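Beneath this line is the structure, given in structure tokens, with notes to follow.
Residue numbering begins at 1 within each chain, and the chains themselves are lettered A, B, C and D in the order written.
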Amino acid sequence: MLGEGIIQGLMETARNFFGSYVEKERLVTVQFPEERRSLPEATRQFPFLLYDGDDPERGLRCVSCQICEKECPPRCIHIEKSKDRKPDFVGKQQFYPAVFNIDVSVCMSCQICVEVCPFDAIRMDTEFELSTSDRFGGLLWTKRELARSNEYYRQIHPTEAGECDERRAKELADAQAKAAAAAAAAAAKAAQAAAAPAAASNGAPGSGAKSEPAKKVVTQ
Amino acid sequence: MRMTLPFLILAILTLAGGVAAMTLRRLVHCALALSVAFAGLAALYLNLDAEFAGLAQLLVYVGAIAILIVFAILLTRGGDSDAEKSFSPAGIGGAVIALAVFAVLAWATETSGIAHPALVTPPPESAMREIGLALMQRYVLPLEVIALMLTAAMIGAVILAVRERRNPAGTESAERPGLGA
Amino acid sequence: MNPLAGCLLVSSLLFSVGLAGALTRRSAILVLAGIELMLNAANLNFIAFWRFGPHPEFLTGFVFVIFSIAVAAAEAAVGLALIVAIYRHAQTSDVSEITEMKG
Amino acid sequence: MSVAVAPAFAADQIFVALKYWLVLHTPGPFQTLVSILLTIIPIIVVFPALFAVTTVLERKGLGRIQNRYGPNRVGPWGVFQPLADAVKSLTKEDIVPRSADHVVHYLAPLVLVATAFLAFAVLPIGRNMTAVNLDAGVLFFFAIGAATELAVFMAGWSSRNKYSLLGAMRAIAQMISYEIPLILSSVAVIMISGTLSTTRIVDEQAHYTGTVAHWNVFTPWGLAGFILFMIAATAETNRSPFDLPEGESEIIAGYFIEYSGFKFALFFLAEYLEMFAVSGLGITLFLGGWSSPFSFLAWIPSWIWFFGKLLALIVGFIWVRGTLPRLRMDQLMNFAWKFMLPMTLVVIVSAGVWRFLPAGVAGSAALGGVIRWLVCALVVAGPYIALARVLERGRKIEKRTYRYAE
């Protein structure tokens, strides 16, 4: 019968109308600033820089390799390399960024910088309330504003951070083992003079090749 | 009884609309000015106690004919071009003829002797009831004829405006000329 | 000047304006608009004579105007349909360019 | 009895009495002016206020229909939301496109609002509360309504935007198509009442048989006519599901796409005013205007009845908007010419049958009334069922199955 469907539709919307006053479960929205839904773990907004330990200046993982700066599609990252070096978490001497700026008003949250970073130094944040009254200075974040501790990272992306930490721990262990092996080799060398230099030189490239693909899998 | 101020204002409005409709460059502006003239005339009818005629004028002229003219302008691509130059010999000739006609009419009005005696006519009874009865009794035959003529005109307009499907080269487009009719 | 003469004057002015437009404008639509104006001027005369005439109770002029409005509506519909048809045929609605009449 | 009636009558006529009191206490030369102002100003104040109330009602109602909260931040339960909206629209920058036709672009919203306000002149919003008691009130209403089409065209054309012109063309085509069923369904009422005056149409309906009023909607032709009238009114005021002229997903905002700030607010206002006006006409023609449905409720002031009915119709508009999706252009036109037009003609025939069937048969008024009611109902229902059969032929509604999704 013509018009029957309209009546059915009207009944359905009336049911919704009155039902939304009676049953709270019907309501699909929440009262935002007071009530918040927990964000899904895969949430990502804008990048931040990770540091180890307590000091954001010394513990910063970034080695200023500038891969992210080159890969960034909208070119919102600006890095200036330092002149001097400082040791990284395995004790190797590395450069660090003297200046590391991200213009979040340009950033498009594509996460490419995270995927290309070989040092696990840049990650995506979940923070989304970023309004500011100054649209030039307020949205240009410097190194200090971008730095977040590893604890914070573990908090917002536990799975990813766990994998990352595991990998880094392994890397550290490898490096220490290598250092120990090198020390042992040096000791052996000192003991045996110039008898077997080949054993030490074989070990170093092997460990590097092993850690590289593992990192790729995790960051994707 | 003399001419009243509302009458003067409405007359000036109507004439201004008419003059603008006949002199403006853009065709759409002309159509809008024309509807101002029609609306002014409707108000003049109301001013002359012809309520039904005034409202019918508003309904038919402003509501239908002005819209029809606007549709016709848009369908003939008149809406986006400055169609013509302002003055031409033919234009001056037309204006002279119109002026002559006006002079004759005004002279006739003036000399006919109806212009000066003071009229004391009470507003006539133009109640809807009387008009309805007049249309249904005294003028029922013209009414039927008008109805027939309107039907014929509608069919004719549709036939004229409907795109001919015969020629295969005819451009197929989304516009429908018969929409307003 | 009494109101009847005022109406007649306005009406004759409007008629002249419509006539001038119909004679001088080259767009066919505006020619039609000028004719409509002339028709309206005549209607105003009918209303004025009905209002100030001797026998308003017969409603003669009044009913004439109503019929005239109906006829004008039909005229506008057919006239504009003709203009649209001509435009489609000749690609112009300029009356000075439509110079040939072949089927 | 008279003791009970007197205060009720006083409450009923309070505004009329107030106006006369104020006019009497003004000096002689200004009396006409004050009287005119006292008639106009309430209309200019009350209906925009109703517009403000309606916007918040609509947003909250739509929200609840979609299982949301709706606005609830400005003031308690969001009742001051219209105030915030007003401040916003008044302080926004007024942008006019560079290539727009400035004069026409400026005039369009003014013409639209002016015509929308004019329509209220003939609506009886209470006993003795008609601004202008015209002999041809209904005709006046439709004549004024016809002028809005031109304003819509002005807005659409002067903006120099393809979407606005498309929206205006859609709006005009739709308004012209639905004006016919709108007028034809009111013709049935005019035939029965024998008058075009809105005041007298309401007076005709304010009688009672027993306790029930003579509202036109209580008759079969009146009920059908009322439904058809409201459908046509929805289309005439461009409200959902007939909101093609401003379909956001297709042509962004239709004819007022290039308007901003206060002019945009004026378009919004005009749209709602038209909705109130045409609902008011529906109330006048079919729902007995300011009269109460039952004689024992007649003590409630007449203006409360009118605005109560108006609010009920507005709720109906909102409910329909929250329920039905937008039509397609061809569906819209088919609906107007293949369903609305034949049905309004049937309603007119039914009203004619009602007029000429005797109300009483063989001395029994009740039996005659029932027979007349049933016959007229049959005259409406028969063609409706037949038409529905024809229109639904070959059209099977089935649940859509998705091959790849889900």
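Heads up, the rule we're going with is that contacts are C-beta pairs under 8 Å (C-beta built on N, C-alpha and C of every residue); 3 or more make two chains touch, one makes a residue touch a chain.
The shown structure was predicted, so the numbers you read here are calculated from the model rather than taken from an experiment.
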item	value
Between B-C and A-D, the pair joined by more C-beta contacts	B-C
Cα-centroid distance, subunit C relative to subunit D, in whole angstrom	35
For subunit A paired with subunit D, centre-to-centre distance based on mean C-alpha positions, whole Å	59
Whole-Å gap between the CA centroids of subunit A and subunit B	75
Between subunit C and subunit B, distance of the C-alpha-averaged centres to the nearest whole Å	6
Sites on subunit B at which at least two other chains make contact	52, 56, 64, 71, 180
Per-residue multi-chain contacts in subunit D, two or more chains	none
Two or more partner chains touched - positions in subunit A	none
Overall pattern in which the protein chains touch one another (line/ring/star/complete/other)	line
Chain pairs in mutual contact under the definition given at the outset	A-D, B-C, B-D
Interface residues, subunit D side, partner subunit B - complex	104, 134-136, 139-140, 142-147, 149-150, 153-154, 157, 169, 172-173, 176, 179, 194-197
Residue ranges of subunit A touching subunit D (in the complex, touch as defined)	1-3, 5-6, 9-10, 12-14, 16-17, 19-21, 26-29, 31
Interfacial residue positions of subunit C with respect to subunit B in the complex	1-10, 12-21, 23-27, 29-30, 32-34, 36-37, 40, 43-44, 47-48, 50-52, 56-59, 62-63, 65-67, 69-78, 80-85, 87-88, 93-94
Contact set on subunit B toward subunit C in their complex	1-4, 7-8, 11, 14-15, 18-19, 21-23, 27, 30-31, 34, 37-38, 41, 44-45, 48-50, 52-53, 56-57, 60-61, 64-65, 68-69, 71-73, 75-78, 83-84, 88, 90-91, 93-95, 97-99, 101-102, 105-106, 109-110, 114-119, 121, 123-126, 130-131, 134-135, 139, 142-143, 146, 149-150, 153-154, 156-158, 160-161, 163, 177-178, 180-181
Touching residues on subunit D, where the partner in the complex is subunit A	61, 64-69, 319-320, 322-324, 339, 384-385, 387-388, 391-392, 397
